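Two complexes, one shared chain (chain A), two partners (chain B, chain C).
On to the complex of A and B.
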């Protein structure tokens, strides 16, 4: 009985919104005071199909800069994370705290200062500029995950590989990185989601030139075409979930193949 | 190579972008707030922008309003999140898998969560329809004007919905390492369910709750996406004020926008330092008992 209450609260808070979005997507004419739509129509889906090029462009652009952000944060954080997991040095806690601040303070505070410099360097309206800006405030999630990954991995594998004659590069690429994959995925997923769902920074740095899915969705949210907004929101929900599921199953298969589990 | 320089070299992939982009960005924001390095030469004095803000009562109103929205939403997200995480932790295995639906708002972008709040709470929304169906109201104007009450309730709802799963995630990570035998022991010694939650479980979860509160509070304090969709006219969130000064006025007001950002940055840093100090002192007190 108590469990039922828990599940009911979870359903009301987190599942009901998705169900309602689906209904709105399927029933553009659903209005007050009806609690259930009178009639369903595939209008929004049809619009989606008609405009699939524009939507696919913005979607792939969003996917691209989010992936690139993940790829940029990994080399930024890898070696520093190893240092933080293994080496003690004076002022370590302070440095760690400082390195985590970009995720805590409002990103506007440094992004708008940089905006003018980015204009001067012609980095605005480019994919590169957007990725730099996104990486700059999302890297702490990758950093934290990697530090935790290095800590739980311990030093034994590295010692063993070194005793067997592996150089630092070989240790990093062939021993540590494969073992760190779960940590990379944990951190990378958060970085991906942060980048993928960001609206303001992409708008500030990307201007009109770097398409983004949030940028496509934004004007629709306050427009009268709620149905289309709902459908796009659902894509926003299911696409990352699908990506995560695909990644998980591929990895599982890979690990089985490598006989790591 | 000495160990210090090797350390610096190893930290440089992170330290260099941090110094150049993050510190540099903040530095430029501060400079521009003083009218230096602005795109056009600023005719006013160094502290004109700050004087302008300090004599402007709407700035104070916005500041207090942003604080209020951030504090209420972060506190409710952490409270609800902790309770739900604890309840999920107690679920039997099969049901716990079903409970993974809590991650849905984590994946949704902020603007989509704002849209959900709009769909549910507007006067022609789902809840108004439901109230009408139940006979509680006769027309949509009788439904409380939640989104435009002047109290930022719409934004609070959106931030709470988005923040709750985040708090749950942090708390669940703590609960995984929590030894259930402590609860059994307390139970055997005759503690009530409430007593167990408050005296045994909660102190263990406190670090995750504090982290969650800091992150959620500062995010809601300075973020732009949700207020842009759900904000009411006055008082507005600070981020909206910055946006308007930056994009909708001429370059002469740029230092004012930057001054607000500088104050927001200073406040965020002060808040992190002060909050962690207070928490550490409280925990020291607990340990002495």
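On to the complex of A and C.
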């Protein structure tokens, strides 16, 4: 019974808005006195079908650069996070604060100066440039998660492995990384979401040559075509969820195989 | 040390000639006859950066324009959705960093974005007079100024917009058709009117229309920026806007952030009057299913602002010939006619009807604009030009100080 209430509240919070979005997607003319739309129209779906090529290209491009950003932030943060979790040094809090600034500064400010530098380095309008920019902007989320991961792992496993004769590389690859997977997933998910939903940075550095789903979605959101905006938002919502489900099931299988649970 | 010098020398030999070449190529382009330019552009790719928020306009560009460009000129058209403010910023940075080969070929631009781009030297030109269709079917006087800023051939015309109001005939019998009547209407119908907050394009234009109406017409402002005149006249505008403020939607404590928000309020029936800078807007929304079929359009009899929107070519466009071919096609009779049909877009032509052949004229007259769009015979008599951009900025700033925060 207690669970029922929780489930109801969760459904109200998360399922109801999705249902409303679906209805708006199918009924552009749904307005106030009507509790249920009195007329449905397939115009948003028709736009989707007509433009499926463009939407799919932009989706896959967004997926690609978001994944690459996650892959880039992991090696960036691994060693600094290990150091921050294990070593105390004067000024640590200050350095840690500085390392977290990219997540706090608005992307606009962050990007305008860097755009100039990126042009000079010929990194604009390339996938590589977009990934570097997004990684620079979103690594703090990976960093925080890894620091927490290293802290909760403690020193014992590493000691143990070293006592058994493992070198630093073997410790990292065979002992620590597998134990860090939950932290990597947590950090990686946030980095993925930040990269996937970033509009301005991708637009500025990609210059329109690197496709992104947000680049297609945002202009349509700021128009008053609510149906189309609703349908595209649903795709935007569905994709990361699908990705997490896939990741979760593969991980579970992996853990079972490794007999960790 | 020696190696560094060699590298530096190499670098300069590699970059300098390309820079020179680009300049001479631009100068050559001005002398090249248009038929040669069309030949050069054949088989190339043109990237057109434009506002991407209208699904029907996107569809028109992706299907009709892209298709015609392919069959007529073998040009691949790439539409990139980007707001004008963003691409002007991008070009500013590219100019500062000395990037000679960009990735934008054509821009959809006008107003203060054009002024900013032109003043910063971001545009290639003049090129408009070179386009055969501009020579043949456009009245040069109609494209001499863009928001009071001289165009000088740095933009080619693309379409014409005019400010209209919208109402639902099922709710309102007689809409107010002067600003004075509108004020009375707002007082009589508290909470049923609002306008988007400047700098929103539509809200800002609405305020300019009030400005014209309450200060004695547009003619006095067209000569250019006059701070004394503005200081004398502006209080009348603030007075009008503050008079109606307590009777607006949400008692004027807040304003819709953009015109899309106002559209939504209007489509839900929360406010009684809508507005748009695009005459076919209501018809588009009806076709789309967002507005009820009973919505109709009207104009203010004391002046309805119009403007011409344009296309322009950035200084570092990698394919200026292709961009010129596209700009020329967009102002052709065929493209303007296709654009004029409400099922495609409904945007008004920027052509001069007097320069059209009788046959083409009939083709335009035969277009059925739909019941919700006013025809040229209603729009033209009340059309007044846009105000110079300096006034626009002063009004937007003044609105924040005197109306929003007052």
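The definition used in the following text is that the second predicted complex is superposed on the first by the 237 of 261 C-alpha atoms of A that agree within 3 Å, B and C clash if a C-alpha of one lies under 4 Å from a C-alpha of the other, contacts with A are read in each partner's own complex, and residues count from 1 in each chain.
The rule we apply is simple: contacts are C-beta pairs under 8 Å (C-beta built on N, C-alpha and C of every residue); 3 or more make two chains touch, one makes a residue touch a chain.
Since the model is a prediction, treat every value here as computed from it, not as a measurement.
In the superposed model, A:226 lies in contact with both chain B and chain C.
In the superposed pair of complexes, A:43 makes contact with chain C only, with no contact to chain B.
With both structures placed on the common chain, the touch criterion links A:154 to neither chain B nor chain C. After overlaying the two complexes on the shared chain, residue contacts for A:125 are found with chain C alone; chain B is out of touch.
By the touch criterion defined above, A:3 reaches chain B but does not reach chain C. When the two complexes are overlaid on their common chain A, residue A:110 makes contact with chain B while staying clear of chain C.
By the document's definition of touching, of the two partners only chain B reaches A:17; chain C does not. Of the two partner chains placed by the overlay, only chain B lies in contact with A:240; chain C stays clear of it.
When both complexes are overlaid on chain A, the residue A:216 reaches chain C alone and has no touch with chain B.
Taking chain A as the reference chain, the count of touched residues is higher for B when chain B and chain C are set side by side. Judged by the document's definition of touching, chain A residues 31-32, 112, 116, 222, 226 lie at the interface with chain B and also at the interface with chain C.
Chain C makes touch with chain A in their complex at residues 47, 49, 51-55, 58-59, 62, 80-83, 86, 89-90, 93-94, 96-97, 99, 102-104, 258-261, 263-264, 267-270, 285, 288-292. By the touch rule above, chain A contacts chain C in their complex via residues 27-29, 31-32, 39, 41, 43, 47, 50-51, 54, 112, 115-116, 119-120, 124-125, 203-204, 207-209, 215-216, 219-220, 222-228. The touching residues of chain A, counted against chain B in their complex, run 2-3, 6-7, 9-11, 13-15, 17-18, 20-21, 24, 31-35, 75-80, 82-83, 87, 89, 95, 97-99, 101-114, 116-117, 132, 135-136, 139, 143, 193, 196-200, 214, 217-218, 221-222, 226, 229-230, 233, 236-237, 240-241. In the complex of the two chains, the chain B residues touching chain A come out as 7, 10-11, 13-15, 17-18, 21-22, 24-32, 37, 39, 84, 87-88, 90-92, 95, 98-99, 101-102, 104-112, 114-116, 118-120, 123-126, 128-130, 132-133, 140, 161, 164-165, 214-215, 218-219, 221-225, 228-229, 239, 242, 246, 257-258, 261-262, 264-265, 268-269, 272.
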